[in-house]
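Next come two complexes built around subunit A: one with subunit B, the other with subunit C.
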Partner chain A sequence: MTEEPLPEHGRVPGEEYVKEGRTPHPGLRPLARWREFAARHGLTVIALLIVSIFVVFALIPHYLAPHPPNRLDVASRLQGPSAQYWLGTDNLGRDLLSRVIHGTRGVLVTSGTAALLGVIWGSLVGLISGYIGGWMDEVIMRVVDALLSLPSILLALLLLARLGPSRVSIVLGIAIVYTPGVARVVRSAVLAIKNSEFIYAARLRGESTLYVLLQEILPNIWSPIVVEASVRTSYAILLTASFGFLGLGVQEPEPDWGLMVSRARDYIQVSPWMALVPVIAISLLVVSLSVAADGLRERIAGTALDTTSV
Partner chain B sequence: MTNEKPYQVQIEDLSLTYPGGVEALRNISLNIHSGETLGVVGESGCGKSTLAGVLVGDVPGARNISGSVILRGPGGSEEDSIDMLTASRSALRSVWGIRVATVYQDPQASLNPSYKIGDQIDEAVRRRPELAPDGIRERTLQLLRRVRIAAPEDTTQRYPHQLSGGQQQRAVIAMALAANPDLLILDEPTTGLDVTTEARILDLVRELQEEVNAAIVFITHNLAVIAQIADRVAVMYAGEVVEIGDVRSIFHEPSAPYTAGLLSCIPRIDRQSGVEYRLRTIPGTVPSPDEQPEGCLFVPRCPFVVQHCRENHPELFEVAERDHRARCFRAEEVRVTGWPQERLERHENGGPENGGAPVLEGEGVRKEFGRTARRYAFFGPIVSEPLKAVDGVSFLLGKGETLGIVGESGSGKSTLLNVVAGLEKPTGGVLRMGDDELEPMVRQRSRIMLQRMQMVFQNPDKSLNPQHTVGSIMRRAVRVLDRQSSRRDRRERVADLLTRVGLGAHYMRRKPSALSGGEKQRVAVARALAGHPQVVLADEVTSALDVSVRAEILNLLNDLQASEGISYLFVSHDMSAIRHVSHRVMVLYLGLIMEMGQVEQVFEPPYHPYTEALMSAIPAPDPDVKTKRIRLGGELPETRPTGCPFHTRCPRFLGDICVQEAPPWQTASNGHGIYCHIPLEELANIPPLMQRDGEEEDAVAVPRG
Partner chain C sequence: MIPSWARFALRRFGLMFLTLFLVTLAIFGIVSAMPADAAQFMLGQHATEEALAVLRARMGLDLPAHIRYVRWLGDAVRGDLGWSPYLGGEITPVLAVRIRNSLFMGALGFLVSMPIAILLGVLAGVLAGGFVDRLISITSLAGLSLPEFVSAVGLTLILSTWLGWLPPSSLMAADAYPWQNLNRLILPALTVTLAILAYVARMTRGSVIDVMNQPYIRTARLKGLPERVVIFKHALRNALLPTITVIFNSMGWLMGGLVIVETFFAYPGVARLLLAGVERNDLPLLQATTLVIAVITLSANFMADVAYAFLNPKVRL
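This part shows the complex of A and B:
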């Protein structure tokens, strides 16, 4: 029956696409798409540029900083910008620009790792809670609510007080603070597709819960996770700097932005440069990262329409 | 005839393009007379809804619109004519809701959830206060009575969510009628509703046609609805009107190949059809709107195509008399010969192996949701009982057999299927496959059991993971269910499966987003076949598909049954699909079997009053066939009534016995049972439902309660 030859006019559905060598959704090529995107989102492009400059700082500070970060020049303390010290010096005569450049790596690595860890943990918790449901979901979500009800800085401070001041504790502290928020977002994304029929089909094949979570659900909730990660990273920078300011992070003489602001407090009357330079660095990085994240979110939402419209 | 009436709307050479060169409407010219109902029909993507938008002068996102859409004044008078395409926004605003009113598919989206129904209709009435001499509210009540809402005063005080879907749609229609519009557009007004509700809304529209002198444009994909409701029909294909004419000449002498094809691929409930017949189909799919072929747009799918068709674009040619025109060079031949017969063959399907052991058996399957709640936790009077979604259903499924399960939404048919699949945990009962008892939940079942039973779902868009390619979806299924160890074997098996469902191996690299609905459903069927299943559970597999695609999928299921001896549990609310694929049928109501038997037995008297009402709700795809109107009053009750569960809505209600006593299970003939108090002899004497014109005789049930 099935082998019967199709009548002359018969066509295998969709065959024409293959014959004509075209795809049903003829999108622009990636490069062209980016170019169009850049034209429409100038701000995002500028933000991305700034972020990448900071990334370069973090990668090769020794080649870019005009001076070693810890070299003292007692003769020229608390100076404003000059030809020798482009952004001025601090109370010990160290070059502010060099210290900011050298401090970038610490800030980016700490906040990046912290946000990443927070997103990973949060995603795991959200996936499990959303997919398995029942009393497990109930318990997890109440714990999440409890954690979310505490101000994040307070919660992180409590954790840091327990762990002692170090870069690792800051990473862990921020990650733990972020986990519940991410878990909520991921859980709701899971709930939205949990009852899709392709999940039922996987269950009817006898697939394990782990397989369903990682292969069927996770690929469909990438976009909220990526957005979550990018937004969280920029906030993590603020948190990291705050901890540095409070003296809970790395200690002198390491160049740390938060710590630099904290030290500048005593000299703010004499030389505002000492405070301004690290503060501007912090704001510039945070703002650029969130603008870039916004652009990214828009782009993901735009392309996600045809692939993730579950 | 309607032709003598003046024009209400004149559409002249209308074309519309969306950004990216997508031609949604191509050179449409048509006139709508005042007082007539023009049915617009076509599959999805043919431009029906865009046309509805153009009629009100509002198509968001359209790039180029040319031509004209003239709306004439009341009764088709020349003065007050307005061109909906060039009119200013403020001019349009003075027309919307007053001279033109629209009713859309989803009534819930048309009503504001935070205002009472009465206030919302009042607002519409206030646009033309001169029509309400006795006060606004009085007119609102009149309108509600006009759309046959049972308790108008009470309804005005309710919020939309407190009404059923059917009542909501009635309220929306009342709002549309508030200003006595000259043009009433009904855009798929019954599509989201249950069959029984749909039937009652269609009755209403038919009654309104008599009362209102407006031009009505009725847009739908359902040909049968059009046959029953329209005076004239316009068939749309790829943004063009391919055929237009009187409803009778369109249905009896379709002259555009597309119309002929569409008409021949619907399973007919009123004629001889069934598993042993193949449905005819239209090969291929609607061209994507950005293609601009030179010749006729239907060439790739047309059996009548000649070289001339490829090079020239046909006009709407006059066919026969009666203002019937078709866009085809060979319209005369199409009219005479019809869609090619070659595909109407019998399946070489011997049907189920009678006498063999059943492959699947259910005994007293029950599923309850919720639990008994008392006023004070463990004490006090019972506040709510658990909802019995499936209440002791027993069935047998033989090898190579299809058991159709039919009922309204809320009848428990999908729950039953989910329980059989092991996706929902049953509250009681036993399931057996062959000699082995099935564990209740899917995760407890052995791999062999999983292989033997697979499922195909309703929504093709959701049944394939959008992030995986067809190839990886299929390879995984083959790997898990078929235990093919080597990569090459798996590849071959996937290619083989895809070929068997009518797709090719070249589909493997595609993602689901690049497939049409029918193609997705084919992949879903192929996936279910991966482990050589004995039983396939089909949950409303055709209800999300277009007419021509539906026929293909039904044929595919029948073919696979014939070649592999698969048994189906086929759940659908569509009686004609059920009739076409089933060997035996189970009719469910509130979780209980009302009637069960061979398909011919169930579809012929004696039938259960519920079955009768369900069948009567289906419009026949032929304007001359009138189905006897047996309408169910009210909605599906939330808690099960005492005695016979159907007694609150039964059109053949006997009296106290139905309220007090559970009906007996009466065996009519071999394997045919009816759950009803009415004696079988009486049920057997019920005259047939379908009648040709002229012998119409309505038996309208009076809804109670």
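This part shows the complex of A and C:
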């Protein structure tokens, strides 16, 4: 088995910290340090701010939304922004802003859990496959390649169909779909450090395989795993919203962003607001998350990675 | 003596079949071999014993799983994809029409988007670092990271609601010839290829920048050739090679995007048939559509690899 070249963000962790030092100016006061970070990473800071606004939406929607998400006001349906309804209303006269705010929690929790599970499972598979190697590694990697060759939404749809559409199925479906991709990244990170002296030392001490995996290898491949998790989360949001749009796993009157877009489809010639508001919310969240993930990757790996190498 | 790219193609062909075999196992495993009773699952909680028995007999559910798998695979190879309760008949003829519709829309999308993508990529690459480059790069990054229904809403609002150039829906009879309704196809075709457009533009930009820094470009310039000749005659011929592979490789992307786009525009393609299978718990239909989509994706990936090996001798080893 030849060693694969590392993906860019799967480089040997830690090197960069040692060379460059984790904090550039350890003497600075916290506020000054933050200011320097903001000046150097303007876009990342804006992105993080937007993401935190959405997180606040998800935490306390009831205090922030101007109206209850499901209150009907048929007299003022399909309206544009007004003093009463800041971003307009949908086909039943429900306030779009309030619905978007209330929908945030569903999107964030579903995609966050899915990404987390996918990263955990993928890391386990990657750790085992990379460390134990041999025919098992060969078999696991063939299966991983086969699963990765399918469009991810297709595989997720299959799983969702068989599990029966629900929030839990969406989470499981996305997690399973992401497992092989994460496994491959983690595996190559493991391969990179597998033959280091500290691993040999641990084995010669007579440590068990489980100990070596969890205590020696895992702490040293944290950075690619964290980067992977951040990237997977923004993809998971896309998939979650897509399932909502397809009407799988969510039902009216739940204020799901994807579902809102699919309802708005029939009224797009009458009032663009109903479609635009959830679409802008999704775009803002996804783009901010990927910009923030890029910033994180830069900080962790020391190099900016081209976002296109999906 | 077999040329080396052909040897590479043969080996890749074998690998494709191995992958395909694993994919069929995965599809069959997920759809058929799950613990829940398939007949009960398809007919729902309130099905009578007789109805269940009929369906079990019809689908051969009383046979062991490995025999069902071999049968399914054998039939599929001979072009028989089974019987679907939702369609009330054989799957193959219906699926063939849907595939034709989807592929036609995809091809139209590529035909419209790829020249635009290459043009933008070359422009950004030649003017690298300038304002135009940054504009193109940032827009393409946004186009890449957004889900299809976002671009669908955007394009519909601009091209249909506000400009009124195109109809907002692609609804048509499934067996109508899509090329007779070209104006209804443009919107979904553009939407489904928008992300690929962004991707191809970025890749083209990268490879143009690479080539423009090569010594032979400097030589051409120093010979006193006009910049136009340098770019079109010397640089682009080499810079566009990787683009071809990228275009082939984005087939899987296209297939994934179809699920959203065909739903949004109500277009009678293969992805909507797949979704019908999901919604009606029609397992044979689900299995058949997934298999066909997988075959298309894998063959496109295979062609991408072979095209790349043919054009670039370095990877043939």
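Just so we're on the same page, the second predicted complex is superposed on the first by the 266 of 310 C-alpha atoms of A that agree within 3 Å, B and C clash if a C-alpha of one lies under 4 Å from a C-alpha of the other, contacts with A are read in each partner's own complex, and residues count from 1 in each chain.
The definition used in the following text is that contacts are C-beta pairs under 8 Å (C-beta built on N, C-alpha and C of every residue); 3 or more make two chains touch, one makes a residue touch a chain.
The structure displayed is predicted, hence computed values, not measured ones.
J.: Based on the superposed arrangement, let me know which partner A:Ser196 touches: subunit B (first), subunit C (second), both, or neither?
T.: first
J.: One more residue to check, A:Pro219. First (subunit B), second (subunit C), both or neither?
T.: first
J.: Contact-wise, after the overlay, does A:Leu276 reach subunit B, subunit C, both or neither (first, second, both, neither)?
T.: It touches subunit C, and subunit B stays clear.
J.: More residues of subunit A are touched by which partner: subunit B or subunit C?
T.: Looking at subunit A, the partner in contact with more of its residues is C.
J.: Give one of first, second, both or neither to describe whether A:Ile153 is in contact with subunit B, with subunit C, with both, or with none.
T.: The second partner, subunit C, only.
J.: Mind working out whether A:Glu207 is in touch with subunit B, subunit C, both or neither, as first, second, both or neither?
T.: In the superposition, A:Glu207 contacts subunit B only.
J.: With the touch criterion stated at the top, can you tell me which subunit A residues are shared between the subunit B interface and the subunit C interface?
T.: On subunit A, the overlap between the subunit B and subunit C contacts is residues 306-308.
J.: State the interface residues of subunit C toward subunit A in the complex, per the touch definition above.
T.: Of all residues in subunit C, those touching subunit A are 18-19, 22-23, 26-27, 30-31, 34, 36, 141-142, 144-150, 153-154, 156-157, 160-161, 168, 199, 202-203, 206, 252-253, 255-256, 259-260, 263-264, 274-275, 277-278, 281, 286, 290, 293-294, 297-298, 301.
J.: Where on subunit B does subunit A make contact in their complex?
T.: 283-285, 288, 300-303, 305, 340, 342-343, 347-348, 421-423, 442-443, 445, 447, 450, 453-455, 457-459, 461-468, 476-477, 480-481, 500, 502-504, 506-507, 511, 513-516, 518-519, 524, 527, 559, 562-563
J.: Give the list of subunit A residues in touch with subunit C in this complex.
T.: Residues in contact with subunit C: 142-143, 145-147, 149-155, 157-162, 165, 234, 238, 241-242, 245-246, 248, 258, 261-262, 264-265, 268-269, 272, 275-276, 279, 282-283, 286-287, 290, 306-308.
J.: Inside the complex, what are the residues of subunit A that reach subunit B?
T.: The contact residues of subunit A facing subunit B are 1-2, 6-16, 18, 23-25, 196-198, 200-201, 203-207, 215-216, 219-220, 306-310.
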